[in-house]
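All chains are identified by letter, namely A, B and C, in their written order; residue positions are counted from 1 within each chain.
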Amino acid sequence: MNSSLWTGIKLVLCKELTMGLRFKAAWASMFMFALTTLACVSLAMQGGQLEPKMAAALLWMIIFFASMVGADRGFADEDAAGTLMVLKLYGSAQPVLFGKMLYSFFLLAMLVLFIAPLFFVLMGAEAVFPGVFVLTLLLGVAGIAAAGTLLAALAVGARVKNGLFAVLMLPVILPVFLPAIFLTAEALGGGSLSLNYLGGMALYDGLLAVGASVLFDYLWYED
Amino acid sequence: MGAVLGGLTLAVVALVFFVVPPAEGLGYYVRLAFFHIPVAWAAVIAFLVSAFQGAKYLRSQEMAADAGSAAAARIGFAFVLLATISGAVFSKLTWGAYWNWDPRQTTIFVLLLIYGAYLTLRGAMPAGHRRAKTAAVYAMFSFLTVPFLVFILPRLYFSLHPSPVINGTGLAMDSVMLAVLLTALVDVTGIFYWLYRKQRTRILREEKE
Amino acid sequence: MIEIKFAAVSQCFHGRKILGPLDCGLCGGRITAVTGRNGIGKSTFLKLAGHFLMPSSGKVTVTSDGMEMRGEVLRRRIAMVMPELRFYDRLTARENLDFLLGLRGRRLDDEEYGALLDQVGLSPKAVSRSYAGEFSTGMGQRLKMAALLAAEAEIWLLDEPGANLDADGQAMVAREARAAAERGVLVAIATNAPGEEALADEFIPLDGH
């Protein structure tokens, strides 16, 4: 049972990666969106420096909204292409959920890898604790992937889609988001580190993933 | 039931205005607390009821449970709005600013967001089992924030709110105040239950048509 | 043996009744034709039968040797051909089949794949170099038949399976449906085509309200 679950997850993940590689526009739009937002703020500030707290908030805003453009579109894209039905017919709930979640995490990790160096260059910020900075980003992004995948599946049936996803997402992701901003600010040199937030974030990421796993069955099977 | 609640409400209002003494440091502003605390309490209760009814729907697929979840959310939304506004006014009067992201303020604001999101989601879907299921799943999923709101948030932000109800920090609660507050809590909880029942029947009737 | 029972099933959409109330049954080893004019709810009937849609009232029960099935257990026994079923248009036919069947825990080797294409009348040359999105509608329909056959399901839900197929293709559908029924598969066909109706052992005429 467990090996078949893992095979299924790998199949879904590989399919997403193959499709992504063949149609790069989705990836490009997410990266360009992040770059544009960052450039906007940087331009407006004309080289002025942001204090760590503001810089951290800005970085997380960019990641949050960029995730909506690209990484958390898994189910919306299936729905738009008309392939959701065939996936529902052949795929079991758990492999589909976790395959998509891992793919979303992978994309967001790539995004972070792309945007963080640019952030340091353009905003003139400096990571005092690089390890904590990277770990915070990864844990935060994992939470966005876990919650985003379930909510993306949930939003598919709704008739208004564009704004709805952000509305659904924010309250659920706040418990990851707030500590992430605090920790990022601290890692950028704004005060002493409170490392137990990292544990809290990891715990909440796990809680979101487990919650998504339990609830996704109800969305995937109508009966 | 309506008449009993109306009488009780009048009694509470009379008690608050004529019996409750002005509190040290707050003066007569303390009267607002007898509105603010019960309303915030009811908003939290409504959240629990909504999630509970959502879980019940997922287990049983009865539309009555879905209607219960929706009714609790609608009334909860009204209560959470009242709590937010009264809280902001209270905050301005006593601390000098309408909003300062105190942990309790953040909690109530997150509740406001969740109620808003839940009701928007319902509004964006046609009635039926599909909507009931989606809404229930969201109610349950957003319920995951509760441990964070209760245990972690208070450590992230410094609080100005008296803990846990009203005591310490120059605001000793005498027995008269406590009794009046408890009566107000019972009254508002009763009002919530009354409105909830009415709303639930209305939603069920709307869906039948 | 597989059985599907409809008990007092009706389906509403936006408060308007579009199907039912229905009481009927389908069983394994038989080909059942669901007939009626356009818009009468034939596709809805098939979705209800496969638990892809829950009825507004009444109950659809699927049993295997008397044991009720639902959720994942049921889903894994169903295969469908429907107009709204679409493959991934940026994957080739082979990749589509490998992915979808892989999710059901089945792997096709080259030999089986070749035989399957032959069975549904697709030439390996024509499908090997293009993505599924570049297929003609007829080829797409044949690919759906290939996925149906390879799934080795016990319940076949076919919504106008002969649509967009030439005479040769329609004969293939008829042949495979009959062969499946002889293996004990429950075959339900929603159709108005005289050729497919002639195939049926049982009829469920949907005739309005």
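As a working rule, a residue touches a chain if its C-beta (ideal position, glycine included) is under 8 Å from a C-beta of that chain, and two chains touch if they have at least 3 such contacts.
Just so it is clear, the model here is predicted, and its values are computed rather than measured.
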- Note on the structure: Taking each chain's centre as the mean of its CA atoms, the one lying farthest from the centre of chain A is chain C
- Chain whose Cα centroid lies nearest the overall Cα centroid: A
- Between chain B and chain C, what's the gap in Å when you average each chain's C-alpha atoms? 50
- So, in whole Å, the Cα centroid of chain A is separated from that of chain C by 37
- Roughly how many whole angstrom separate the Cα centroids of chain A and chain B? 31
- Query: Which residues belonging to chain C are in contact with no fewer than two other chains?
  - Reply: 54
- Note on the structure: By the touch definition above, chain B meets two or more other chains at residues 126, 129-130
- Two or more partner chains touched - positions in chain A: 222
- Item | Of chain C, residues touching chain B in the complex | 12-15, 54, 56
- Note on the structure: The answer for chain B against chain C in the complex is residues 61, 126-130, 209
- Query: Okay, in this complex, where on chain C does chain A touch?
  - Reply: 51-54, 70-72, 74-76, 78-80, 82, 84-91, 95, 99-105, 147, 151
- Task: Mind listing the chain A positions that touch chain B in their complex?
- Result: 147, 150-151, 154-155, 157-160, 164, 167-168, 170-172, 174-175, 178-179, 182, 200, 204, 207-208, 211-212, 215, 218-219, 222
- Task: Spell out the part of chain B that touches chain A in their complex, as residue ranges.
- Result: 58, 110, 113-114, 116-117, 120-121, 124-126, 129-131, 133-134, 136-138, 140-142, 144-145, 147-149, 152-153, 156
